[in-house]
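The same chain A turns up in both complexes below, where it pairs with chain B and then with chain C.
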Partner chain A sequence: MTKPEAMISFSDEGTTEPVAPGAEPPRSPSPVRAALVARAPLLFLVALLAVAIMVTPEFGTAANVKAILANAAIIGIVAVGTTFITLSGNMVSLAVSQSGMLAAVVFLSCVGHGWNQVLAVVVVIALLVAVGIAQGGLVAAGLNPIVVTLAAGAIVLGVVAQLTGGSTITSHGADIGWIASTPLGIPLSVYVFAAVTGLATVLTGKTVLGRRLTLLGANRSSADFSGLPIARTTIWAFVLLSVGIALAGILVGGGLLSANLDTLNTLSIDVAAAVLVGGTAIQGGDGSPLRSAVGACVIATANNVMLLNGFSLGVRQVGSGLTVLIVVVMLALQRGRTVR
Partner chain B sequence: MKRLTPKLGRLLPYAGPATVLIAVWIAVVISTPSLRGESGGYVIALNFELVGLVAVGVAITMVAGELDLSVGSMAAVGGVVAIKVSNAGLVPAVLAATLAGTLVGTLQGYLIARLKINSLVFTIGTLIVLRGVAYVIARNEPLPLSNFGAADILLQRWWFLTAGSIVALAVFVVLGVFMSSTRFGREVRALGGGRTEAEAAGVRTDRAIVLAFAISATCAGLAGGLASFKDGSAVPWAYPDLLLSGVAAALIGGIALAGGRGTVWNVAIGVAILGLLSGALTAHGAQDSLSQLFTGALLLIIATAELGGRRLRARRLMRDRSFGLAAEPDA
Partner chain C sequence: MPVEPPTPKADGQHPLRLQMSGMSKRYGAVQALDAVDFELRAGEVMALLGENGAGKSTLVKVLTGLVDADDGHVRVDGEVVHLFPTSRSQAAGVAAVQQEISCIPSMSIAENLVLGDQAAGAFTSPRRLAADARALLEPVGLQHLDPRRLVEEISVAESQLVEIARVLARKAKIVIFDEPTAALSDADITRVLAMVRELARRGCGVIYVTHRLREVFEIADRVTVMRNGSSLPPIAVEDLDVDRVITLLLGRRLESMFPSREPLSGEPVLVVDRLQAAGLAEPVSFELRPGEILGLSGQIGSGANVVLRALAGTVPGVQGSATLRGRPLPLRGRHASTRAGVGYCSDDRKKDGFFAGRSTRENLSAPWLSGVARGGWVSRRRERERANAIAGSFAIDQSRLRSPVQTLSGGNQQKVVLGKWLGTDPAILLVEEPTRGVDVGARAEINHKLRELCAEGLSIVLASSDTNEVLGFCDTIATFYRGRMTDVRSHEHWTEEEMVREVMHPVGAPS
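Now for the complex of A and B:
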């Protein structure tokens, strides 16, 4: 089947909704109201959490807030990285769990063998970036990102399983206590989370690469026609995500002092949930790292509140899944309204 | 290129995957003496029981131009549902798991169709929710099957077939006829071929989407129910890799992720290829993760080859039509 109009089509996935920012109708009532409507899902969640927090007295204790932040940090660092993929129109990565596990295992085995720790960090980042470039290259060539990352995750897991024989890797007493340290009473991972979010926000808003990523996701064909380097931009998105995953893996591996094949095995889904709850459009072109960071905090807080109220693991999962669904549905309804 | 007769032309889409299947079979027969003869058929049949059922369901959502990521969790729910009501006997319990899938899938499809949500996004949400539901039903622990007698028939083997694989093959045949010879099936295919065109042609797109997701979750529920009876227990954290296997089988068999192309027979070939591969790896004493590695690698190779083929055809088309109107053909 050949469609001549395919050359000027806005979306290549066959979805009916144009996602170009210019597609909004001119008759918007007031900017304040529009801004409120756009943030309705997030406001709804914040309100929901406020109620939940009020009925949970233990919530406000310093130890608990620290626990939430530490949980949000790992998901958040990777969610911020994933935002680049999502913004560029490549949805989410399903290889995040396995890549994070790879980072943790490689880092621990490097320092366990007495390597210089800075060198170990550099090696892990370089390795993860290489894995990311391989995936980004395939996606840039035109393969579906979900398929590529699904396959990449299986390959990474298989390779690590072969190399470690499924055993647990420990730090062998290497002095990596700094990773679990809490300068000024706040876990190191939270500082990294804040720094990563800040850098990513600047990168998205103020640099050429950031604008390219957004344009690529907003409208692939017009990005192509305006001569944007699509392949390079796509690969950059995967590189940035890989750096995030490497940092998260090092923080988790270094914090726990051990890692095995099951380390971080829920990360892919948690990160996808955080990005979706944050409200970054999965079709690309609309979103920000900050939103994903907030999404990670919302997910971590919701989990914590449910934990404090004695909800079982299953109920907590249902809770965070429903949170994702509610936000996704609200966003869809909202977009339907602006398109109509 | 010479024009083929219509009958041969219809077989053409199976040529690539079938060649891969034959090549893999030859490699397996040479490398693994224990899988010569009917044992080869047996490992293929085993793969149909779980992976095959899930793959055919996922493939139908892919043909519709969508993707159901929640099948692994749905199979886990099917598993715990079946064991939970296992005292009613094998058939009622598996039926309950299947119906649970139908219910979930219909609701999911309805919401995706009505709200016009990207199915990837929505099914990431349901993937989390359903996993939680499995935990809640099982009260966070493995559920053992108490009446072992009920599962006996699933463990028997006739020639190279098992009861589970016969059920799975029956599902393949029913879905094959359904997709090729009924109005509903054609609507699902038309939807994936081009949504705007399908709507213009009067296809009820909402109904087609609901149908695709209902089929997908039904198959996953059935697969989970059968597998948990056969294993003698259900764990709520079961099947984390089922999505990969299902999607891989569909794509390796020749289903296009962009939608509109492929039949259940493509899926059958893909399931057979993966069955032989994992059977051979197991025979050589490899761990499960190695078979995942091979599945992932094969998936990437096939997807790349398919993309290359598509590019080549597009270039040829551009050259043939010098007026250059042809953009990328829709696979």
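Now for the complex of A and C:
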């Protein structure tokens, strides 16, 4: 349980001035309220954890916590990457499931053919980045991101189906056990998740690119008129997401030692849910990778509780959808109240 | 229980239509209204003036029922009434014409006229609707418009007049105009102002909120000035002049609205040669010297703003050339243009000037982030120093640098939108409507600051539909009419009458 608790203690509002509630004129949401809005999903997580532990005896076991973390890591790595897209005002990518599957299939195929493993990792990242640049370029040219990523997902799925004939790709006995290793008893993917979250948070808060992404999402026209490089910034958002997807795909493929068209097929909804639950504004301009990481933990916990209680995949999917709706409605109500 | 206010007295000729006494409203720590008294006679135009934050908007919101006052009495025609919520305010005969147009663009003029009218049936035939609409459009001088046309097809001024027609149809007793001319050109303002007077002649009490002092002297009978949430007693316009009004507004004397001009010299910093873009009927050429402020004056659609946008790189398909400090100026995209040394502020700062939700400091640093970064890392310290320097020189409240930019007053927002360019060390600044929606105090500050920057070598091209501002502020003035630059002269060779004629109907122009 160490990881999620470490997440809970985060604070990216450290710079907020202490202001008494109601001391601001109307229409300007008070910092206290804003902080509450940002933390609403977090409170939700705590409540969920409490209920889950009460109704599910096996929830607190070490094996289960490890399972939650491993699941949260995959969703989280991609959700953290997606945050760049969301922050920049381009909503979410609907191609992450298919892209993650592509990464897993290509990685296994490369190592299965006896390639150097480092080279395989580099090739997968390069391929995914190329796919990301293509999408980012189209979005930067003014096309709707939802339509572009939806189409890209279909194309990726189609190409892989055509090339593999729908068959399952395996590692052919290549020695990739390190991917599923658990240094200090924690899965490798969790370390990657933590590192990616840390890097992304620093990038968002401290670099020119991170600032530009946020400004672009806050107001695209203003960003344009202020001389910000719109196209380059948009493409960078897609590149960063693509790196995240590549890492997640490699971790999943390497962990399972096999991949097919169904690999990671619920990733898109889980990632979108994680970003939204985390409290990054879907219209862009406000949010952080750290919040999405927390969101991923919420979604993974929810999935796990449903699994432990013997819910079928169908019920779990309904549960994921409902979780998204409830959290989004919660945030909308909160925001609505702060505006009025 | 507060004591009942005395019954209002009439002035003999006109009965007292509205009397508000002791109106108070507090938002948290902010006392927006502090025991405000306000009165309005039937048949008069009462100008309501005040700097941003003085409490005008809150008073208007109380009147229209958007906000409930904490304390105070309101009488309409001698009857004590409660104006909250909006339905009660409407029932009491209050109507408002807003600064932002509230017509629905995708509906026809006729449909807009009956919008929200309880008396209109659900199934009125389009023909019947159109016939009723014509009767309403005639008094506002829009009889030439087909009521079946969509509002999005008519001009801003015309849709403003459609709103006035709607108010007329409602037979409102008290009509509030909240900066109705902010988005209009001079010729259209004349039409709207005439309608405002007409409403008063018909016995309405009109409250006219504006930042434009000239309009006050054109149409108002009396003036109520608000300052820091309090009201001063109403004063008849005959007893006032511009200086006196400004002194009342600010509570101090303003040295002068427009700073003095320095003689210009030196080689041109910007040479524009045969610039051509959509919206211009013929190519435009001119030069800009170091420290010069060039004003492009014209009505909406005259092409003055197009020239600025073309130079800023925000319109596609620009032909011709521009040379900045001897180098060709890229006219494609703001990014290249910014790097070449061109700052640009559009006329709509909400839409494309600032980043709502982000802090004032982040807004200021947006164009020059890479200038305070090394290897892609933003230096917070250097960013803070540069932002503080800009805030200091533009008189932006430094304690508000961490607050979201949209919580600043209109004047401060405009200072942020202009000031952010200082960090890029631009050679020229292109500004559309530099003081739109800005109160007199901040307006004078902005003018003085811009002039100061020019003394340090900056050159400015501004486009403005406010002839008074262009004439008082610019070194050189170019007039635009229907996509053509009709004349360029140094400021001392222009009179206001000549300028108004040039932008409204130049000699030799087709009628």
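Going forward, the second predicted complex is superposed on the first by the 302 of 340 C-alpha atoms of A that agree within 3 Å, B and C clash if a C-alpha of one lies under 4 Å from a C-alpha of the other, contacts with A are read in each partner's own complex, and residues count from 1 in each chain.
Heads up, the rule we're going with is that a residue touches a chain if its C-beta (ideal position, glycine included) is under 8 Å from a C-beta of that chain, and two chains touch if they have at least 3 such contacts.
None of the values given here were measured: they were computed from a predicted structure.
In the superposition on chain A, contact is made by A:Val329 with chain B only, not with chain C. By the touch criterion stated above, A:Gly60 is placed in contact with neither chain B nor chain C. By the document's definition of touching, neither partner reaches A:Gly185: not chain B, not chain C.
Of the two partners chain B and chain C, it is B that touches the larger number of chain A residues.
Looking at the shared chain after the overlay, A:Ala218 reaches chain C, while chain B stays out of its contact range.
Once the two complexes are laid over each other on the shared chain, residue contacts for A:Gly310 go to neither chain B nor chain C.
In the superposition on chain A, A:Gly173 makes contact with neither chain B nor chain C.
Legend: residue contacts after superposition of the two complexes on their common chain; A:Ala273 is shown touching chain B, with no touch to chain C. Counting contacts by the rule stated earlier, residues 15, 17 of chain A appear in both its interface with chain B and its interface with chain C. On the chain A side of its complex with chain C, the touching residues are 15, 17, 20, 22-28, 206-209, 211-212, 214-215, 218-219, 221-230, 285-286.
Partner chain A is touched in their complex by these residues of chain C: 27-30, 32, 312, 314, 334-335, 337-339, 344, 346, 351-358, 362, 365-367, 369-370, 373, 376-378, 380, 402-404, 406-407, 420, 424.
Interface residues of chain B facing chain A in the complex, by the touch rule stated above, are 65, 67, 69, 111, 115-118, 120-122, 124-140, 192-196, 236, 240-241, 243-244, 247-248, 251, 257-259, 287, 289-290, 292-297, 299-300, 303-304, 307, 311, 317, 325-330.
Taken in their complex, chain A has these residues touching chain B: 1-4, 6-7, 13-17, 91-92, 138, 141-144, 146-148, 150-155, 157-159, 161-162, 166, 261, 265, 269, 272-273, 276, 282-283, 312-322, 324-325, 328-329, 332-333, 336.
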